Amino acid sequence: MNPALRTFLILAALVVAGALIFPSSYYYRVGTLVWINTLAVTGIVVLLGYVGLVSLGHAGFFAIGAYATAILPSYGVPSVLAAILGAAGAGLLAAIVGRPILRLSGYYLAIATLGLGMLIWMVLSKEAWLTGGPDGMTVMGANARDLFKLVGLNLRSAESWYWVTGTFAVLGAVLAVNLGNSPWGRALRAIHDSDVAASSLGIDVAKAKSMAFTISAVYAAVAGALLALANGYITPEVGGFMHSVEMVTMAVLGGAASVFGALVGALILTALPQVLTVFADYEHMILGAVMVLTMILMRRGLVPALVDLAKRRRK
Amino acid sequence: MTKTKLIAAGVSALALSVASPALAQIKIGASLAVTGPAAFLGDPEAKTLEMLVEEINAQGGINGEEVELVLYDDGADPNKARTFATRLIEEDEVVAVIGGTSTGATMAMVPLFEDYEIPFISLAGAVVIIEPTKEYVFKTPHTDRMACRKIFEDITARGLSKVGLISGTGGFGKSMREQCMSVAEESGVEIVADETYGPNDADMTPQLTNIAGTDGIEAIVNPGFGQGPAVVTRNYDQLGIEVPFYQSHGVASDSFIELAGDAAEGVRLPATPLLIPDQLAEDDPQREPVQSYIAAYEEQYGESPSTFGGYAYDAFHLLVDAIERAGSSDPQAIRDALEETEGHAGVTGVYTFGPDDHLGLDLSSFRMLEIQDGGWVPVEQ
Amino acid sequence: MSRLDIEDLGISFGGIKAVDGVTFSAGAGEVTSIIGPNGAGKTTLFNLVSGVYTADTGRVGIDGTDVTGKPPHLLARAGMARTFQNLQVFPQMTALDNVMTGCHMIERSNLLADLLGLPSSRRETAKSREAAREALRRAGLEKLAERPASELSYGQLKRLEIARALVTGCDILLLDEPAAGCNAVETREVDDLIHGIAQEGKAVVLIEHDMRLVMRISSHIVVLDQGRKIAEGRPDQIRNNPDVIAAYLGAHGAAEAEAANA
Amino acid sequence: MSELLQFLVSGVTVGAIYAAVALGFTMIYNASGVVNFAQGEFVVIGGLTAAFLIAMGVPVFLAAVLAVVAGTVVGILLYRLAIRPAREAPLVSLIIITIGASIFLRGAMQMVFDKQIHRYDGFSGETPLRFAGATILPQSLWIIFGSFAVFVFLAWFMSRTRAGRGIRATASNRLAAALVGINTRWAMNLSFALSAAVGALAGVLSTPVTFTSYDVGVLIALKGFSATMLGGVGSPQGALVGGLLIGLIESLTAGYISSDYKDAAAFIVILVVLFVRPEGLFGKKLTERV
């Protein structure tokens, strides 16, 4: 089967399955966050899993999407257009700064992306007249519920956001899988393994890296816009360092090489804190231990480790 | 908790469970920043709520019903706070919620409580929480605008007017800075210098040097909480600056004096009566709650309570009072009773809510204190 | 006709001249071999020619056009492809995907079409797959097409790199020790493969240690020692050049070599 | 003029703290190629341990020594339990392992200690020293002196001692180092122990000025990481210069331009430097071998 179609069917089935078993809005709310994170992390998969580039500043792009969606409506821009402009703005910024930043490698790339993310975060925290400062701002605008009312469905707010974000996550995954199996996708994966060999084959490595950076920035920004709309309130912390780390951790934990890794990583790191409320005092210790142990025991992440296990069983 | 209390609690719980097999319960929710950047505030809030719930159950609960506290740690993350608010409403089916240590977390939860019609008492400072008034949202802390007014009142009373601000860049400092800027003119002061510092900065002498070098500077105000204000205070002392120095209610606790040491001498700040339990007049309505809160907290945790714990104390007692008056734990009834609260003496101030006032405090509940000989002394006005 | 013209090319690392004023040309349909003892600067010369390093001195020309200082991907577009001494395959991909990556320049696809999985993008992928299978067949690797590259042997990977370079549609092919790690049978196959490539009219530049292979298929040999060109000529000229023998064995060993030759 | 002097004093004090943290980063990087994002936790462990011991009545210098020992033990445990089992893992996994470890340590510290802010008095009193119109706390001199001492010690240790050369050899080629008889495992333990000790010492020295609490480690690590990369990862000179530079940029920006954007100024300088010199100020140029 075509891998994109397979991805679509599996993820769409998961979205529907969630809706079938969820007993309350609370579950829809957590599900919504899982899908938003899956979308953002799929962008990290393109950048880290396909091309092998580490970004510790992607929360900055996430925040651009979120804040564009929050700010522009007060200047008369409709929410949906504001979200699109936010995604475009994040992509444009990534395309502009990508070239000089992506010449760096390893820890130097990490600090440069980190610095970029921090700069965005600082602007959002300092310019209170525009962003409300560290206390954040209310997001006026579209409610997904209205979308469903158009077709005569009267859903609860949490439920309608679940469907909207689930749809975006599935589409995002399909696009990423398409890309992975396409001419440009092969070029990106070639750079992952050897950029010298890739350039000897006529691949413009700088351009390809910058493209992947831009794509992943747009993913993050769209996820940010969805979070802003679904939450109705945002603070600069969506653009903070720890959020960048969280996105990369989700990707690596699940397995950065595939979109299923993105889903599994997003699911675990979103749901785990909800489960761990029982052990409130130990929450951070458990979270830290899970991160360390997964990386030691399953280098390539959970999904590849499980696939290997299944293969070995079959043999 | 003492042994006798524990036994009493055990016995009464046993007695209740024997008496009524289908034990009625009142579930109260809380989402606080027990960890994270605002843990300094959220930790005493959580401790206070846990202590009060034990206490009230030991006394037989509210209207004979046991109180259960469902507490989540949102780490001051609005995203988490909103999830927990959903969980409190839908899964835990609480009748009222206390919390939102930070303004961000509070504001992320507000639409849900309005939507589900559940009364909510925030412990965060910013004005936006209750302005405009939201039907189900109340708050116990003074607003930062009130703190600015109180400070400026004291500055002008001393015949001064030219003020330099040095604010933390965290939510508290940033928000209070904005409020101080906006009320400066009407309060008769002029902001002549405006500097900031990061929450974990190690040295603020450059900023203070600039402020001290500003022409005609007459007073310095430092909105912020956590360690920053203590560092600023030490730097102020180090540079030998002479103009009067004001802190905010954000550092109104004994630990500020410990951290800032001798440098804190002469510093003034607006605070709640919690800091001066023994200096309150016999007929002060706040004397009783303040002293009993401090006694209970010190006994339970071996440390003195903070202003922030006091906000949680007031929120809980306002809620208990409303439930008792409503005679019901129906969320709508609780809300209505809350709004009718009149003259409720808490540790922060005396609350009187109304349809247009969900804070219920006025400037008089703030006491201007000065640090003298390592202790708090009310400023005569 | 000369396809590739190298003129006075040089580079130093930390004061040591790794390649020093090397000049030679490679003609269409010919196999030009670069030989020399270990450390003579052969691979560095390749890295200079293919744009991985930027030369301190000299010029590189392709079909008469000056391409000095151009980055590798533009040289590739000008028709130059190469393989690597220390293997630069893509280990996470299958053998087929490795070779398909070589089709990058001939694929007519844009990013949007790739993301959306449009038919145009899929058509390009299908075309590349055909071309890659053909190249794998030529390199004798068609049975291994679906295997991850990480599972292939050293000699197979060497040929995989040749196949990958071939599908780029290059006119100039730089091969860095293609027969290293090959047994006698495989060396013979590599021999035939290179011969066939030259026959198509491509200019092949070869670095190789297997002297029998070099002597058999080269039309032209350039000898490097300590970064400098010390000799150039047809195989039979090089075979008996005393400077070359001296360079390989040290002056003192030259006599022994002569004795052995006799 | 006295203004400028005050800004410089402030910048050097703060920069010396960053430099000490950066030197800890450098130590571990040089031995293992790992940039340890849990480095900030060592600083906190040092500061909190000292604060608690001093509050219990332990004499200051004994408390300082014990705090450094505590940090060192945690450093060795970190290496044995988290880094060694993950050897040869890709860079991003190592980043996540060390960040995971820092989250774990933070959780542990909030249990072992508390969530309050702590400090203790400076070693040489609290009376500021005044000169030429500027003031400095005696403890700031301790910090500045401490950072330089650590730098001199590390530079001497790495180049002049057998153990130091062993660490460097292990870093450049573990197998070769083992073949010539260097106990590489011991070298790695030693480098983590030293790095943690340096971090804890930085915490012990700076707590009277900066205060400490269980969760400040992230920000400390961020600043230290920035200083390390600005100087060029792996170079002790780079760590020292990078730390001081960032401290000075921050204080001069706060003094002359805008305190609101002093942290931004530091990051902008880092980005600009990396655009011009991708290997940092003192880093080794990377040449790819193909």
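Per-chain numbering from 1; labels A, B, C and D assigned in written order.
Rule of thumb we're sticking to: a residue touches a chain if its C-beta (ideal position, glycine included) is under 8 Å from a C-beta of that chain, and two chains touch if they have at least 3 such contacts.
What you see is a predicted model, and the numbers here were worked out from it, not measured in a lab.
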Exercise for the section: Please flag the chain sitting at the greatest distance from subunit D, going by CA centroids. Expected result: C
Problem - Geometric centre: closest chain by C-alpha means - result: A
Practice task
Round to the nearest whole Å and give the separation of the Cα centres of subunit A and subunit C.
Solution key: 42
Practice task
Indicate the whole-number Å distance between the mean C-alpha point of subunit C and the mean C-alpha point of subunit D.
Solution key: 48
Completion exercise
Between the Cα centroids of subunit A and subunit D the separation in whole angstrom comes to 32
Problem - Centre-to-centre distance between subunit B and subunit A (centres being mean Cα positions), rounded to whole Å - result: 36
Handout entry: Multi-partner residues of subunit A (at least 2 other chains)
Key = 126, 196, 283-284
Fill in the blank from the handout: Residues of subunit C that touch two or more other chains sit at 52, 84, 88
Exercise for the section: Mark out which residues of subunit B touch at least two other chains, giving numbers and ranges. Expected result: 35, 169
Practice task
Note which residues of subunit D are touching subunit A in the complex, please.
Solution key: 35, 81-82, 85-86, 89-93, 95-97, 99-108, 110-111, 218, 222, 225-226, 229, 233, 260-261, 263-264, 267-268, 270-271, 274-275, 278-280, 286, 288, 290
Exercise for the section: Over in the complex, which subunit C residues touch subunit A? Could you list them? Expected result: 50-52, 71-73, 76-77, 81-82, 84, 88-93, 97, 100-105, 107, 109, 111, 113-117, 121, 124-125, 128, 164-165, 168
Completion exercise
Note: in the complex, subunit B contacts subunit D through residues 35-37, 39-40, 43, 169, 195-198, 200-203, 205-207, 209-210, 213, 226-227, 230-231, 234, 237-240, 255, 258-259, 261-262
Problem - Residues on subunit A engaged by subunit C in the complex (per definition of touch) - result: 4, 174-175, 178-179, 181-187, 189-190, 192-194, 196-205, 211, 215, 257
Handout entry: Touch list for subunit A against partner subunit B, complex
Key = 24-26, 29-30, 33, 125-126, 128, 133-136, 138, 157-158, 227, 231-235, 237-238, 273-274, 277, 280, 283-284
